[in-house]
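The structures come next, written out as structure tokens.
Both of the next two complexes hold subunit A, though its partner changes from subunit B to subunit C.
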Partner chain A sequence: MRGAWLIARSVLVEAVRRREVYAVVLVSLVLIGAVMTVDFFNIEGLSKFYREVALKIMSVATAFTVIVLAARQLPREFESRTIYPLLAKPVSRTSFLAGKLLGVMLAAAFCFLLFMGIFLVGSAYLHLKTQWALFGQYVYLQMLQMLVLATLAFWLSMVMNLDAAITLSCVFYVTSSVILSASTYIYDLVPQYAKALLLGAIYLLPQLDLFDLSEKAVHAEVWPPLPASVMGALTLYGIAFASVYFLISLRLFARKPL
Partner chain B sequence: MRTKPGIPLLTGIVLLALSPLLAEAIIRRPLAAGIRSDDPTASEQRNRSAFAIILGNFRSDFSDLIFIKTERYLHSGVGFVPHLDTEAMSNTGEVKQKGAPGSQYEHDPATCTDPTHHHDKDGHDDHESTTSGKAGAAPSPSQVMEANLATPEMRETAELKPGEKRVEEEAEGVATIVPTRNKDFRGFVGDLERAVKPWHDPSTPHTHTAGTELLPWYRLATMSNPNNIRAYMIGAWWLKAMHKEKQREEAVKFLDEGIQNNPKAFQLHVMKGVILREQGKTTASLEAFLVAADLGLAQRPVNYEETTGTVASSQTWTHYMEDDLTAALNFSVLTVRNAEGLGPALRLAKQFQARRGDIPPLNALITRLQSGGGAAAALFLKP
Partner chain C sequence: MSNLPVIEVENLVVEYGRGSTATRAVDGISFKVMPGECVGFIGANGAGKSTTIKTLLGFIFPRQGQVRVFGSPAGTVESRQRIGYLPEVALYYPFMKARELLELYGGLQGLGRAELKRRIPPLLEEVGLAGRGETLLKNFSKGMQQRLGIAQAIIAEPEALIFDELSSGLDPVGKFDLRQVLLKLKQAGRTIFFSSHELTEVESLCDRVIMIHKGRIVTEATVQELMKPLNEFQVVFQLPDGSPVPDSISRHKPERDGSNWRASIRDTAEYAAAVADLSQCGARIVSTSSNSRSLEDYFISLVRGTGGNA
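Up next is the complex of A and B:
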């Protein structure tokens, strides 16, 4: 356990020191700032536009950061041969991978916290109300989504090269909402075997869009927080996929000759 | 043979430095009607397609994204099967619905359950053109103009401040993009999506939120495509509907920008004239109406078929444009009547008639003016 924590800490420290996170935050901040400098007819209290643009940029930036960070953890260890002295220590491969995942998640949380800080400062500056309960749920679900993405990137980085793993993870992240909405629309139009395939795709692929509460957060004056049962179901759903991907990654990692 | 690494780099820098010269070679011309983002009919069709619904927010064109945003923002983020008539909104600000594939909504007055539709509003059915003579007695010019500028429903929505909401008393019955449980094959995943995304049962009343929240999107739409006349019109309408002097001034500025980018868009001049008139700037508003009338008369196809609202030779003249032209003519004539009296007003109307004699509302107005103004005209444009 201590070994896993040390590895996690080293991942986090490296992520923070490499300044990539700050660069992503800064670029996102410039983007949001550029949009908000447009004069919107001198109308005060226009909250939805700010919320929508800011939350979308922040979610996407965090997701891409997590994908890149997670996907390069294992290949880089092999490439730089730093994995050998690490595994020579009394650290199991499970602890090693768990530590890596924990580190990536801590880095994701750090990145997201920076974003949320900026978002809240912006909201305060614009005198916008924040629905704290819904906002808290939004942050929690985003972290669940990052967990699924991180484990998926781990898995992909074990079976393909780094660039391919990053690209595929990003493509999956971007298109996941399309898969979810397209399935309902085309289901009635396809033959029986394709219906079965669609159902399989819906259940076998993680529907990342289910962790995106941003649309309700944008229209927060109308929507109450999600019930605990839904949050519980989403937690189980996310952890189930993350566990499967983690176990596959672990199995592949265990088989990898050193 | 090895090339010195500095040479390709230097070549690249020189080419990059010279690249602005390419801009001189680009032939600049305004977007022609029919080009992707500028053709309202094509835009409506595109945004109602299954592919567009599936893609959701993934759009290549800002005007298409606005279509989605308008639908979502007015309905608290709920994704309905596209049903708003943006062509009507750009002219009237009216949240008017169109039947859509898969929609439970039918555009038949006999079966329509939509409370936003008034099948007998001001003596005419709003399923049809507001141009006179479509159903029952011809509406007066004031009725045409009022119908063209705002419906009570729209005014009510427009008066909502950011953050406020209004719950409909009756369900609209329009299908949502995320289907109801009994129509969803996805079971557990579908349940989660309905819980996480803004969604409500189409058979229950839903909530409308302030349309003014859309204004930044219209601002960006016109920045990304300065030829997006509809975005200028709807944006100006929302500003006008806020009933504040500061926002009226912003609306006029916004329209001036639109006019600068689209000098021939007579609808923008009509809207500008209406807002100036609300500001009490009679001379400036008359000027805007006269420009609108002049431009509109020049653009109106000769063979516009008033009875069917179709144009044999051109698909670019819609009945909304006909209504806008009618408004421009009426406002011009009646503003002159109020300022200078019946004689000059009649002369102006006859000048318009001489240019295009086949505009029934104008003919009706001339008849009323000739009979001394008439009761209907007296209701209109009180000084």
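Up next is the complex of A and C:
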């Protein structure tokens, strides 16, 4: 366990010391700042527009950061040969991979924390009230979504090169909601075997939209927080996908000659 | 000290690739390294040295055979508990400071924070990196990284050290410093197993040498055993008319060169006896010379297929 923690800490140190995260935050800050200057809404319209755009930007930027960070963990270790002295120490491959995942999640939390800080400062500037319970749920589900994305990127990075793994993970993240809605539209129009395929795809692929409470957070005054049972179900749903992806990654990694 | 082997390799076969395209990198080698021994593992590029070492650490898996380290199967956490390893090319996280890196590796070997704080400064000094603890590794040269690699390998004072290409990337000063570190570790009774291209290093450090060529062990002997046949004495002499070649010379198959005879003798005692016999039978000794070959000459002749005696 200590081994995993030490490896996680090294991933976090990397994320904090490299400039990419700050570049992403800076770009997001500029975009969010630009939103705040829009003056063709009334006060209520502007606050909703600000919330909507800011939360979307933060969500997308964190997702991309997590995908890149997770996908490059193992290929970079191989490329720079840093994996050899590390795995020569008494640390199992399971602890190593678990540490990497924990590190990516800590880095995601760090990234999200920066964004939240910006968002809350912006909200305070616009005198917006924050529904803390719903906002907390939004953050929690975003982190759950990041866990699913990180484990997916881990898996893909094990079976394809780094660029392909990043591209495919990003494509999946962006098109995840499209896959679901497109499947819903065409379901009645396709033959039986295609229906089975569509259903299979819907059940086999994680529905990332389920983790997105940004719409509710935008209209927080009319939406109550989600009941605990729904949060519990979503937690199980996210952890189930993350566990499957992580176990596949682990199985591949355990058999991989270095 | 236990008499169980630190490293035990039995009929090890390692292949890269599968099926008809598989390349056999290691072909049925067996050897042991006992506690306190310093063993050099030498061979040309592609001979199978690094593959064997990677198998010892569980980085790659054997197709056949058994590899045990401290009695545990290679690759298990237990087998890595008591070893320090320096890879052939040592690169470390560029975003970390030297101290942080040693804390990471020491921590992975179970050292606590206080212990690490105590050990790191003298360790950095020992490997020639005093005062560099707070420098980011992206600012380290290749030689400095290699020195840091040595530090990470020995930070937990492991019982056995496995070094792949011992002095790769080090300048002459670095090589000298490394030799001092290794001599100190050897004197402290540590087991050392290393591959190297620097055969003078092997000669000066090792108790025993294992030579590998095309995946097979071609020689396994103590350094003294290996060096013994490498010394060669030559004696050129003229015999009085009608005198036979003394027995002590004729067994070395002397060659006639005009009026001179030329004999090559490997053993010092036999050489002394031959010279005495020649004097006794009234022979005129024209010249004597000794030709000491190095382990490097032996190795080159071996891998070029001319045999160790060439």
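The working rule: the second predicted complex is superposed on the first by the 252 of 258 C-alpha atoms of A that agree within 3 Å, B and C clash if a C-alpha of one lies under 4 Å from a C-alpha of the other, contacts with A are read in each partner's own complex, and residues count from 1 in each chain.
Going forward, a residue touches a chain if its C-beta (ideal position, glycine included) is under 8 Å from a C-beta of that chain, and two chains touch if they have at least 3 such contacts.
In this text, all values refer to a predicted model and were calculated from it rather than measured experimentally.
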Subject >> subunit C versus subunit B on the shared subunit A, clash or fit after superposition >> reply: fit
Subject >> Which superposed partner A:Thr184 touches (first subunit B, second subunit C, both, neither) >> reply: first
Original post:
Thinking of the overlay built on chain A, is A:Arg17 touched by subunit B (first), by subunit C (second), by both, or by neither?
Top reply: second
Original post:
Looking at the overlay, what does A:Gly3 touch: subunit B (first), subunit C (second), both, or neither?
Top reply: second
Subject >> Which superposed partner A:Ala133 touches (first subunit B, second subunit C, both, neither) >> reply: neither
**OP:** Using the superposition on chain A described above, determine whether A:Ser92 touches subunit B (first), subunit C (second), both, or neither.
**Re:** second
**OP:** Mind telling me which of the two, subunit B or subunit C, contacts the most residues of subunit A?
**Re:** B
Original post:
Does subunit B (first) or subunit C (second) touch A:Gly45, or do both, or does neither?
Top reply: first
Original post:
Which of the two partners, first being subunit B and second being subunit C, lies in contact with A:Leu236: first, second, both, or neither?
Top reply: neither
Original post:
Who does A:Arg81 touch here: subunit B (first), subunit C (second), both, or neither?
Top reply: second
**OP:** Give the angle at the C-alpha centre of subunit A formed by the C-alpha centres of subunit B and subunit C in the superposed arrangement, rounded to the nearest 10 degrees.
**Re:** 150
Subject >> Lowest inter-chain C-alpha distance for subunit C and subunit B in the superposed arrangement, angstrom >> reply: 28
**OP:** Give every residue of subunit A touching subunit B within the complex, in rising order.
**Re:** 35, 38-43, 45-49, 129, 141, 177-178, 180-187, 195, 198-199, 202-203, 207, 209-213, 215-216, 218-219, 221-223, 226-227, 230, 233-234, 237
Subject >> In the complex, subunit C residues that touch subunit A >> reply: 54, 57-61, 77-78, 80-81, 83-87, 89-93, 95-96, 100, 104-105, 107-110, 149, 152-153, 162
Original post:
Mind pulling up the subunit B residues that touch subunit A in the complex?
Top reply: 50, 53-56, 58, 72-73, 76-77, 161-165, 177-179, 184-186, 188-190, 192-193, 195-198, 207, 209, 212-213, 215-217, 219-220, 223, 239, 242, 246-247, 250-251, 254
**OP:** Mind listing the subunit A positions that touch subunit C in their complex?
**Re:** 2-3, 6-7, 9-10, 13-14, 17-18, 80-82, 84-92, 255, 257-258
